[in-house]
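Going by the order they are written in, the chains are A, B, C, D and E; count residues from 1 in each one.
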Amino acid sequence: MPWLTIAVLLPLLGAALTAALPARLIAAPRIIALSAAGLSLLALLITVARFDPGAGMQLVEEARWIPSLDVAWRLGVDGMALALCLMSAILFLAAIAYGVGPRPLGRTAAALLLSLQGATLAFFLAEDFFLFYVAFDLTLVAMYFLIALWGGERKRYAALKFFLYTLIGSLPVLLGIIALSLSAEGEPTFDMIRLAEERPIAGSGVGASLVFLAFFVGFAIKTPIVPFHTWLPAAHVEAPTVGSVLLAGVLLKLGTYGLVRVNLQMLPDAFAQFALPVALLGLLSVLYGALVAMAQTDLKRLIAYTSVNHMGYVVIAIAAAASTGISPEARALAIDGAVLQMLAHGLVTGALFFCVGFIHTRAHTRELGALGGLMKPMPVYGSLIALAFFASLGLPGLAQFPAELQIFLGAFDAWPAVAAVAVIGIVLTAAIFLRALQRAFLGETPERWKRLPDLDRRELVTLLPLLILVVALGVYPRLALDLISSGSWLQ
Amino acid sequence: MTVADMKAMEERMIGDLPWLSPIGALVLAAVIAIVLALVLPRRRQGLVGAWVAGAHLAAAGLAAAVWIDRGFARVLEGTVMVDGLALTLTGIVGIAGALCVGLARPMLAGTDREGEFYAVLAASSLGAVVLGSAADAALLAIALGLLSLTSFIMTGYLRHSERGNEASLKYYIYGTVSGAVMVYGLTFWFGIAGTTDLAAVGRAVAGAPDAVVIASTALVVVGLAYKASLVPFHFWTPDVYDGAPLPVAAYLSVLPKLAGLIALARVLPMALPDGAVGWPTAIAILAAVTMTLGNLAALAQSNVVRLLAYSSIAQAGYLLMGIAALSGSPQGIPALVYYAIAYAVTNIAAFAVVIAVQRERDRVDLQAFAGLGRRHPWWTATLILSLLSLVGIPPLSGFVGKLEVFSAAIDAGQAWLAVIAVVNTVISLFYYLRVIAPAVLDTPGDAPPATTAGRPLNAVLSLATAATVAVGVAAEPLLWLAERSVPLATG
Amino acid sequence: MSGLGTALVFWPGAAIMLATALYVFRTSSMARAGLLLLASLGVEGLLFLALASEFLGVLQLLMMSGEMVIMTFFMIMFMPDPGGLMGMDMTHDKRRSASLAVAVAVALAIFAVLTDWPAATLNGEAPDVRQIGFEVMGRSMFSFLFAGITILFAMVGGTMLAKHGGRFAAEAEGDLR
Amino acid sequence: MISLPVVLAVAAVMFGIGLYGVLGQTNTIMVMMGVELMLGASMLNLVGFMRYAWPDAASGAFFVLIVMTLMALEAAVGFGLVISVFRNRRTAELDDLTELEG
Amino acid sequence: MVLLLWASVLLPLVAAAATRLAGPRADVVALAGAALAAIPAWIMLVAAAGGERAISATTWLPAAPGLDVGLRLDALSVVMAVTVASVGLAVVAYAGGYFADEPRRPAALAGLLAFLCAMQGLVLADGYLTLLIFWEIVGALSARLIAFNRAEPAGPAGAVRAFLTTRAADVGLYVALLALYAGAGTVAFGSDRPDGELGALVGIGLVLAAMGKSAQAPLQGWLAGAMAGPTPVSALLHSATMVAAGVYLLVRSHELLTGWPLEVAGWVGAITAVAGAVIALAQQDLKRVLAASTTSQLGLMFVGAAAGGPAVAIFHLVAHAAGKAALFLAAGMFQHDREGTSLERLRGAGRDDRAAMAIFAAGALSIAAVPPFAAFWSKDAITAAAEGHAGWLALVLVAGAGGAAYLLRVARILWAPAPRGLPAVAGHRTMAGAAGTLAAASVGLGLVGAPLSALLGAELPAITVTSVALSLIAAGVGAGAILLGWRAPAAVATAARAGLYADAMLRHVVQAPVAFGSRLAARLDDRVLDGAIDATGRGTLRVAGAQWRLEERGIDAAVDATGRAALRVACAQRRLEEGAIDAAIDGLARSIGRAGAQNRRLQTGRLYEYLRDTVLGTVAVVVLIALAAVL
């Protein structure tokens, strides 16, 4: 069975089905969405069972699509793709369970969420540049509508900015893809597996550099790397809860995934030339993101900026892996760490945005100054968000610690100074989260918050699986690392 | 030339007739339409439309039959080219023309010259096909004349509408002046070659003074560029689209424009082989200017028809990229042809929605689209799909078109043009979203009650939408077609 | 016609042609403008004759006389002040258009004079009119037929636009929108 | 004596005069006259080329025929339009046609 | 043995979970759990004394070799484990009583037990990776426990400060780990320091981490803030165990730190010992006095580790753990009596609560190094070890004098004739029992010196007459100064009350710049970067709107120039009126009249202008093609 194809197509079919449903079936969209997402996750779990961590790119499914361009429906997995797919599928399941817009989940919302899921999985699994790009852009469209339909007050501005800005990112990627495909030996091809093996644009000349930069700018905007990040806070603040969860949890990973898959694997020489500048940009993201986050008073904006910080670590790791002076072990460490950080950040930040959404629906504010003493009326909520906070600041035993540690270990091998300075970021994030915790959750409880209800069942069902995974990955990171095993696919 | 020569020529020309069957079908369509319009009673005038639509489809079918059965040929002593480019244009004209008949029918039903309108439309299509097939200066001039004159007539169809009058008159004067300029240029080509045969011009160009070639080429380009509404020959476009009946605007935005572009793609390489006098660069710059100004101008529009007019100008810029690349890359013509197909169906879909909205609300500014999503989800879906396709969002047809023209540009060494096109694509997203956003996000307000679009319009809506998606998702057949739609060599 | 004969006809002819053409746009009378245009294009026919294209010259004279008469009629019908009695100005943007037109004309003329044109090997006579027939009936037959179709639809279209009432007399003003 | 450049230059001046009419006239029919002159210049060009460069080129003569046809047809359609406009607006002045803008 | 290792780490965790769910009987469950969890540690101690060693490790990060996590049983770890487990047991037992009236008692007790789990992990860790993991967890749990009284502002603030300070110092541990791995390819204990810069990073990093955790100057401020937590927490975390982890780290990393890093640590410790004593003398709150005393004593342990080796430091660690924990627990009892810990409030509390006073006295005598109490012997060992190092010796002696002084000062206040007699609070029995045990231990632990040194395999410097004499003289001087009512100069007193300005310094050097940078960055981000993006968008729109102007003015200007050349003489005057000024006025009128729809002026609607522009466009195309041809 083509399980990968099934995993991609099930959500898309579900989207089509829900979109076509008559409006009077009120409960159906939620049921269809949940089952489509669940079955898709199941297909991925089956793939895990069939997966051989040591074999690199594998389980390739290929079907003719546009032979004259050598475009095909090519799906395949390696450790990174599979791990990210699993994480995305879980987040999507949680997002669908929580829902967006009016309750119960409406047709449009279900269709959008499912198509976003399908596109995301297709992106991670794509081994064909055409499909890769199609999926890359489809996520934009779906997210645009999620923000535009159910966002906050300035949703139009935010949605437009998001769409425009990330389209600015995606189009250079398209140019890069074209340049890569044209430079393949013989006929142009969009086959990513072949392009990764042949590496038609070798060396670090002007042409290779331009192609590299085209891809880099695109992925940098998506990631986002400072200074390409300004769309992120606007989009996050205005997006609905689920939109933020998926944006931070899943969509940001598209950028770093692309950096690894394309820039690192297909343009290694050019990347080596730019490795240090890229790493410095990553370092800038780490420090700058943390500093800006520290000054935020809106909890959601704060978390949005910490995403810049956390993704900065990933960028440093990828750049380190691309540098020439790095040992193979450190390279594997860096990329393992980068992928694990993507997973961990997805789960942790997803959980955090859910938490922010919970409080926003209750208190209708996210201002740290207005909140306070929430631990008392909402002890469960408080403990869980504290756990998520600690996870996000990289506390050992929680998922981001092994990721960041591996990143530091890998990057230290390439540039000790960069890694050492990057470590300072963990202090800054600690400051950010502890102060947020102190201001919003501890201290005296104002009268108006004394009666806030604690989490209900639906919210717990949404949140707990994510946090359980965060703990599990933190205690036993090999849960993911054995799957990722970047050493086997990273030449 | 002797009588015996004449005899032989007559034999040859009679033998050539089967290749002319698609053109013949359109001639019959037009001529019989006049007769039908005269004999049929008023309430049966719709039959003329059915006949013309059918004949259009028949022309497309015959084009396919010629392609499969007979292959390509230079017929009628080299004045007419029946090659992939011409046959594909015939196909586009046939299908798009039939769709436009469907668009026009609701507007025309019951008016006093309905039958004649269809006849003129058929004649216009005939002119478009011949313009794209002509390899002779005189034929080119007269074909442009037919195409232009019939366009003026259709634009001025609503004789009581002052706006229609104005549009028609402006179009008329602009068109005749441009035509005169082109004819003046063609006389110089005759002066170079001593014959109106463009292939002979191509042979003579190498020995001709550069100044003559440059000046005459520029003058010839004027006539075709005005048809394709390239900047700076675009000034008529928004006013005419705005003033003309909307179905006519839809027709004008597709058929004459594509005919003009395909004529450019045939005439330039034929008369100026091997990129003589560097015309590809000039065309590339023209493309850049066209798309940039078109997009910038569209940004400022609040009338959706004018917006689409500027959008069509910008799209002509993208199409022109294929022409600019055709001497440097084998992908140039296929890119142009594919983009033309995609553009045709997409633009017709977009106009279909605008027509439907205009019929319901009697206005086409942005507010007229407010709340469309609630009242007419399918129209809105068409609107979104078609506009996003015009942006070039995958997997819609416009995306594959953009992919093709970008590839062609990069392959032809015009990467800078691709970069400009990318920037333009981002700009274009902005104004397309300006239409989509109120349709999806706003509430209808105090609009008149929802109506249905009527059967022909609905049919066109759904067909064009389906094509917009299908041409992109199942691009292979059309890419196959496009790859073979190159002009015959005329050494 | 000999070179001298040609010159004798050409120079005055060209001068008259250009002068009348220019005066078309300098007069304030519509009717006069039409007649001047007729004169200009008629003289052009004479130039054709002088340049050894007898067939075309005659044809030009015939066509233009017919066409320009019609045009004059139209002018009288639709122009304000056809006789130019009020001396109204029918121009706009005079300086810019004049300077632009002068620039274009001068540029084209200079270009015409300075370019090294291909010259005929023999300074022969004009093409046999029969050759034109062969051309029309042979290589350019399609173009010729196509011109016919164009004429047909120009007529149909011109009538459609010009005749306001419909064929269906009862609802003569039947434009729905 | 007369030579090809002379004919072409005369044609160029004629073209320029036509262009002047097109650009400078406010009345539709006057503009049409300008177009006629531009086309006339084209014909003169063709005839000049045939006389001095390509005496055997019958296709040039045919092209002249086509240009003449175009002149006539454009005039025909133009008149139809002018009538239509005049009926609605009682004017054929182009400067009055500025409703469509922006 | 492996099983016991894991048991001693995991049992407290299980106990914590059970306690959390136990409800009203949480105290019993917690006590049982803590007792159960102490058993493996004691068994291991016995086994270790018999020469037993064990390591249980597993690969944690498979990407590269050498990144294992695991636990180890060796002399050092087992001594620490026993100390932690025993003090922990006593404190948990005590806390059962201390929190008797607290509705969130299960959470508090579970927190203590969870901390025990992490602390055992820390001391039993095998390799720096595992150490780092538990090191950080301990810090986080500490913050959580400090913030237990979350409604009071001091608790959360102190927790934040504690966590941030220690985490900042932990950067050192991270960097040391990275440098060690890069240099030696392993993160196991016992490897040699790499050469060059990597070695320097290892040394600095480890010392920095130890300083942070052990609240050494200038990072000592957080410990005072941590006193906002409940007293059992202060007793367990902030005196006996967690803060001692820094000393443990130094001892554990002895091989890595030989040479200048230990020298640095020694100086830091010596200075802190004096500074802590000075600060302790100036505090007006019992717990803060004890906190400052803790930093001082930890400083002595640093000196011990640097000068005398593992046995000296660990000996003092163990002795201090018992004594200081007893002091804190007594303080907690006073706190219950008088509902506060400020010295003013506690004046005479010892007379009301004799049991607490007795415990306090035992602990104080030990910490003040009065023979034969435990800390006398251990501190004497430090003095003896420092004999070879005049600077350290002097500072140690000053610190010893200070120790005697501040404890005596507090004792005198506690024993002062009370203005009001308040009875001891009931329910003291469990608390007194637990605290008393520790007090008793602080008496007896002086005997463990020799066995400890045997177990650790490290020399304990022989106690010399000189060292004993010096110690005693120092203590005597300190006590005498208090008894004679000697007052410090005002400046010193003020400085001491302000924690010797270390906090202020940190605030100005670190906190304020970071906060400023953060605000600056946020503003930059919001106004400049994002503003630039938005401005670009607006600019594009404006360009679109201005396009008509370009057409109107740019192209017109070109035409005008041509026209001027042709017709200047004839109609200069008229042209000016009709052309330029009219155009200008028209343009102005249009721009005012349609300011609302400014963007829609692309097309004038005037055909002749279109045509004119088209002709110009044609010219442009000619030029374009000509240029292309030339190029």
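Keep in mind that, in the parts below, a contact is a pair of C-beta atoms (placed from the backbone, for glycine too) under 8 Å apart; a residue touches a chain by one contact, two chains touch by 3 or more.
Fair warning: this is a prediction, and the values are worked out from it, not measured in the lab.
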Mind naming the chain pair that shares the most C-beta pairs in contact?
C-D
So the chain most remote from subunit B by C-alpha centre is E
Between subunit D and subunit E, what's the gap in Å when you average each chain's C-alpha atoms?
89
Distance-wise, how many Å sit between the C-alpha centres of subunit B and subunit D, to the nearest whole number?
26
Nearest whole angstrom, what separates the Cα centre of subunit B from the Cα centre of subunit C?
30
Distance from subunit D to subunit A - Cα centre to Cα centre, in angstrom:
65
Where in subunit B do residues touch at least two different other chains?
136, 138, 142, 145, 149, 152-153, 156, 159-160, 168-170, 173, 177, 181, 191, 194, 196, 215, 238-239, 301, 430
For subunit A, which residues are shared contacts with two or more other chains?
164
Which positions in subunit C are in touch with at least two other chains?
92-93, 96-98, 100, 102, 104, 108, 111, 114-115, 117-118, 131, 134, 139-140, 143, 147, 150, 154, 157-158, 160-161, 164
Contacting chain pairs - touch in the sense defined above:
A-B, A-E, B-C, B-D, B-E, C-D, C-E, D-E
In the complex, subunit C residues that touch subunit E
92-93, 95-100, 102-104
Considering only the defined contacts, which subunit D positions touch subunit C in the complex?
1-2, 4-27, 29-30, 32-34, 36-37, 40, 43-44, 47-48, 50-59, 61-62, 64-66, 68-69, 71-77, 79-84, 86-87, 91-93, 95
For subunit A, which residues are in contact with subunit B within the complex?
64-69, 71, 130, 133-134, 137-138, 140-141, 145, 148-149, 155-156, 159-160, 163-164, 167-168, 171-172, 174-175, 178-179, 181-182, 188, 210
Per the touch rule, the subunit D residues reaching subunit B in their complex are 15, 18, 22, 28, 31-32, 34-35, 38-39, 41-42, 45-46, 49, 53-54, 56-57, 59-60, 62-63, 66-67, 69-70, 73-74, 77-78, 80-82, 84-85, 87-89, 94, 97, 99-102
Given the complex with subunit B, which residues does subunit E contribute to the contact?
537, 540-541, 543-545, 547, 597, 599-603, 605, 607, 609-611, 613-614, 616-618, 620-622, 624-631
